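Before anything else, here is the set of structures, which you'll find just below.
Next, two complexes with subunit A in common: one pairs it with subunit B, the other with subunit C.
Coming up: the complex of A and B.
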């Protein structure tokens, strides 16, 4: 019996081929567009999260208690090297780096700008966040007073690889001190604060310049996605300020939340309209065939089987629409994941705002599963009202009615 | 045809209601979405322009690209004398900007220090209205410094405190002096408030040896819409290839570009809704005509042309669209107007997005009748496009064949 119903449902789905095709195209086009948009938006945010973690805060960062309020040399983490060694031995910690930072004035012979000097260990930064991948120009080298400059800062000062710059700031004793540096590379981290104002130099050189103890640091950044690690660090270093990535980057947290809201609202609106589309077609399709249903009931077919048949018809259309949409969406997403959207014409503006010139999409299984659920729900709900109409029909009157 | 179309609309109630509701929803969505998008962009631009950037700024060529003292404007008076003759300029003022180190006993910070004409800046920028503590500068202020709130916090200073300034003068010599904090401003732009301070030009000219020199001359226009026209006038009046006059569109190029990109993404998102709504309207139209094939066959048999059939479908969709948009447009326009005057306030949004130059917690809608007009036009166009396939479908039947259609 069920085999027959399935056969009937399949054939009836294509009774009015143009209508069915239009609904399938509607689902396919809207679904593929929705998947591509979701993928691109998520890709933008994920890229930002990844670059921010790799270039700066890691998954967790530790500071001295007062440092984030008063970015002063007085608020350094004492014996940071020992703490780093302890964290490296903790389960879940994948990479740990120490950083020293100071704010001051960066000058060339012609221009000056405020800047933040960041003392780093290049080898450790490479392990921590593949620092060399941020390279835009030059070579990653901090030997002999070498410095690496953020792309926007380089634009502001009009410096290139080989330029000489002077960084001036107050050292630990309160004296104004200056250091001449040679630009070896320009990097784009897409972390706005670093790209706009950071100049990276060797951590030991910065300690020497500032007169600070080489065992101390301003920041201990940790890579490690183990959820328990954060809790363990909080307990182990209660006298320090332990912050997770999202605590340090509330804007990114808000962006992620906004993306979830945007994607949910988009899904709701699109599926709502898709529901109206399927409903219209199913409603007319059922009303067109009331005589047929009347005959089926008269010859003894139970209403239950008619219900199943109509549900199956709607599901067939939904599934075909979904499969076409999933295929088209997967092709679009794969293209956007590999080639992205090239906005090089606006690269300067995008760099200023912390975005890369080519925006790549991300692909998540959840895009396809949630859409499948939504389309199935829209297909099933769309036949409830037409079914109620059929239930109220009197088979004899329907058969007698003029064709 | 018109009467027939009206009767059909009333007869096929389901299709008419669905089309009208979908048109209503898409019109509302389109107008409000574009209004919100344009409103936020305008507000960002306006805030940035209001704070410090002029509608037009005049530079010596290469100052912006290369920089340095040799690219300062050397004879400001010659230029300002010419600017006096342009009626469309409300106010102008030369500014001298330099970067230096500000230090007290314990703390130091780099800052852009600008020499300004305080009385003119009251009209040119929002520096005076951004005052939160102390007093704004006046033309005779001596070593008074007017400092951004975040910079003041960084240096742990208060009103009346002294701070040392170290920089380089316009002739390349070393320039240093003790300044006294007279006023504090907060514009809301985090970057600006944490890196900028001002002194009176009369004092700064002496310290920097910058008399009659300027980094650039900033202008405020009576009507910012005239920026391009006035700029052309200035260029021809200056008639100096060593000078360049730039409008805010060039000065704020990165912001304008990022807004263009944001608009493109906005339109892409919106197009998703429009496409799906377009399909549904087309499907309803198609379902409707496919159940009326017999009727169309009869109409053709009694002498109606293909053009008449097209007109019939056109009138039907036009009437439904007019009804829906006449209802949606005033409502959407009123919402835009209301939130244009009373912006939505989301506390903390400016702080959260301070790195992106957001200076206000207010989300403003744009109220522009031209924009609303073209938004409605697009909806009409989509609705008219939606009848093309159903029309082609009807025409695929010969009249006699259509009369026998089941």
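Coming up: the complex of A and C.
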């Protein structure tokens, strides 16, 4: 019985071949575009998250309790090097770095600007977040009073590789001190705050300049996506301020939520298109075949089998549209994952928002599973109204009327 | 009697032959003849055997794989008769079965229906 229904559904799906193919193409194109948009949106946010983690906060950051409220040299993590060693031995911790930070004024002969000096260990930063990949100009080198400057700060001060700059701040004793530095490189992290105000120097040199203990640090940044690690750190270092990436970057959390809304709206629009497409085809197809259904009912076919047949016809169109769309979408996403979209023409505006000029897509299985669910739902809902029309059929009347 | 019961009654007790053949266009002759039998849950083997038997009786056994639109009016009406007879209903209701046929085909069909009545013992009510 069900074999017969399946056969009827399959044959009827292709009774008007060009019409069915048109709907399949419509589903495939709209679905693949939606997948590409989803991939690009997620790619933008993931890229931003990745750069922020690599250049600054890691997956988890630890500070002294008061430091984030009052960025004073007095609020450093004591014996940070010992804590770092402890964390490195914890399960799930992939990389750990110490950073020393101080706010002050960066000046050239003509200009000055607020800046935040960050003391780093280049080798460790390389392991932590491939620091050298942020390089825009010059070479990554902090020896002999070398400094690396954020791209926007360099623009503000009009400095380039080889320029001499002076950084002034208050040291641990409260004295105003200055240090002359040579710009060796300019970096673009797409982390807005770093690009706008950071100047990186060697951590030991900064300790010496500030007069701080080289065992201490302002920040311990940790890479490691193990969910249990955060809880373990909270317990192990209850006297410190342990923060996850999203706690430190609420704006990115909002951005992620916003992208979920964008993707949901796009999904709804595409599903609307699929719904209308299948509804149109099924409605016309059913109107064309009112007599056929009348015959089936008159010779003894129960309404439930006709319902199954209509659902199957709709699902056949939906599934074929989905498969074509998934294939096209996968090709499109793979291309965008490898080559990205080059939006260099808008690079300044994108950089302001922390995005790169070339945006790469990401591919997630959830894109395909969600879409499958949504297309199936659209396929099923789109035949409810046409089915009600058949339910109202009086078989004998239909057969007589259509003679 | 509700719609479901009426459908069940039509399925199990009655056979129909319509003036305008009313075959299912996407099914071939064999599937059209076996359609009611499938709805009643006969096995594949029973259906195949009975379809061949009835088709031979109505001289359409050489058209089993053809679609209805490839048949002449007379042949289509014979398929409709075969479909009505195949599941062995108690009575067949035939609504002007020869109205769309020429006199020669009408004569052939009526002879065949008489033969069915004699051989299969099925009652046919003509309108």
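Structural remarks
The rule is short, and it goes like this: the second predicted complex is superposed on the first by the 395 of 403 C-alpha atoms of A that agree within 3 Å, B and C clash if a C-alpha of one lies under 4 Å from a C-alpha of the other, contacts with A are read in each partner's own complex, and residues count from 1 in each chain.
Going forward, a contact is a pair of C-beta atoms (placed from the backbone, for glycine too) under 8 Å apart; a residue touches a chain by one contact, two chains touch by 3 or more.
Please read these numbers as outputs of a predicted model, since none were measured by experiment.
On the superposed subunit A, the positions of subunit B and subunit C stay apart, so the two partners fit side by side.
In the superposition on chain A, no contact is made by A:144 with either subunit B or subunit C. By the touch criterion defined above, A:276 lies against subunit B but remains apart from subunit C after alignment on the C-alpha atoms of chain A. Between subunit B and subunit C, B contacts the larger number of subunit A residues.
In the superposition on chain A, A:350 makes contact with subunit B only, while subunit C stays out of contact range.
When the shared chain is aligned, subunit B comes close enough to touch A:111, but subunit C does not.
Once chain A of one complex is fitted onto chain A of the other, the partner contacts of A:33 are limited to subunit B, with no touch recorded for subunit C. Looking at the shared chain after the overlay, A:78 reaches neither subunit B nor subunit C. Once chain A of one complex is fitted onto chain A of the other, the partner contacts of A:303 are limited to subunit C, with no touch recorded for subunit B. Of the two partner chains, neither subunit B nor subunit C is touched by A:389.
Judged by the touch definition given at the top, the superposed model places A:295 against subunit C, while subunit B stays out of reach. When the two structures are aligned on their common chain, the gap between the nearest CA atoms of subunit B and subunit C comes to 13 Å. 403 are the residues of subunit A that lie in the contact sets of both subunit B and subunit C, per the superposition on chain A.
Within the complex, the subunit C residues that touch subunit A are 3-4, 7-8, 10-12, 14, 16, 18-20, 22-27, 31, 35-36, 38-41, 83. The part of subunit A that touches subunit C in the complex is made up of residues 1, 4, 7-8, 11-12, 15, 291-292, 295-303, 305, 399, 402-403.
Within the complex formed with subunit A, the residues of subunit B that make contact are 14-15, 18, 22, 65-69, 98-101, 103, 105-112, 154, 166-168, 195, 253-258, 260-261, 268-269, 271-273, 275-277, 279-280, 282-284, 286-287, 290-291, 352-353, 355-356, 389, 393, 406.
In the complex of the two chains, the subunit A residues touching subunit B come out as 16, 18-19, 22-23, 25-26, 29-30, 33-34, 37, 71-72, 103-107, 109-115, 158, 168-170, 174, 176, 192-193, 250-251, 254, 262, 266, 269-270, 273-274, 276-277, 280-281, 283-284, 288, 343, 346, 348-350, 352-354, 403.
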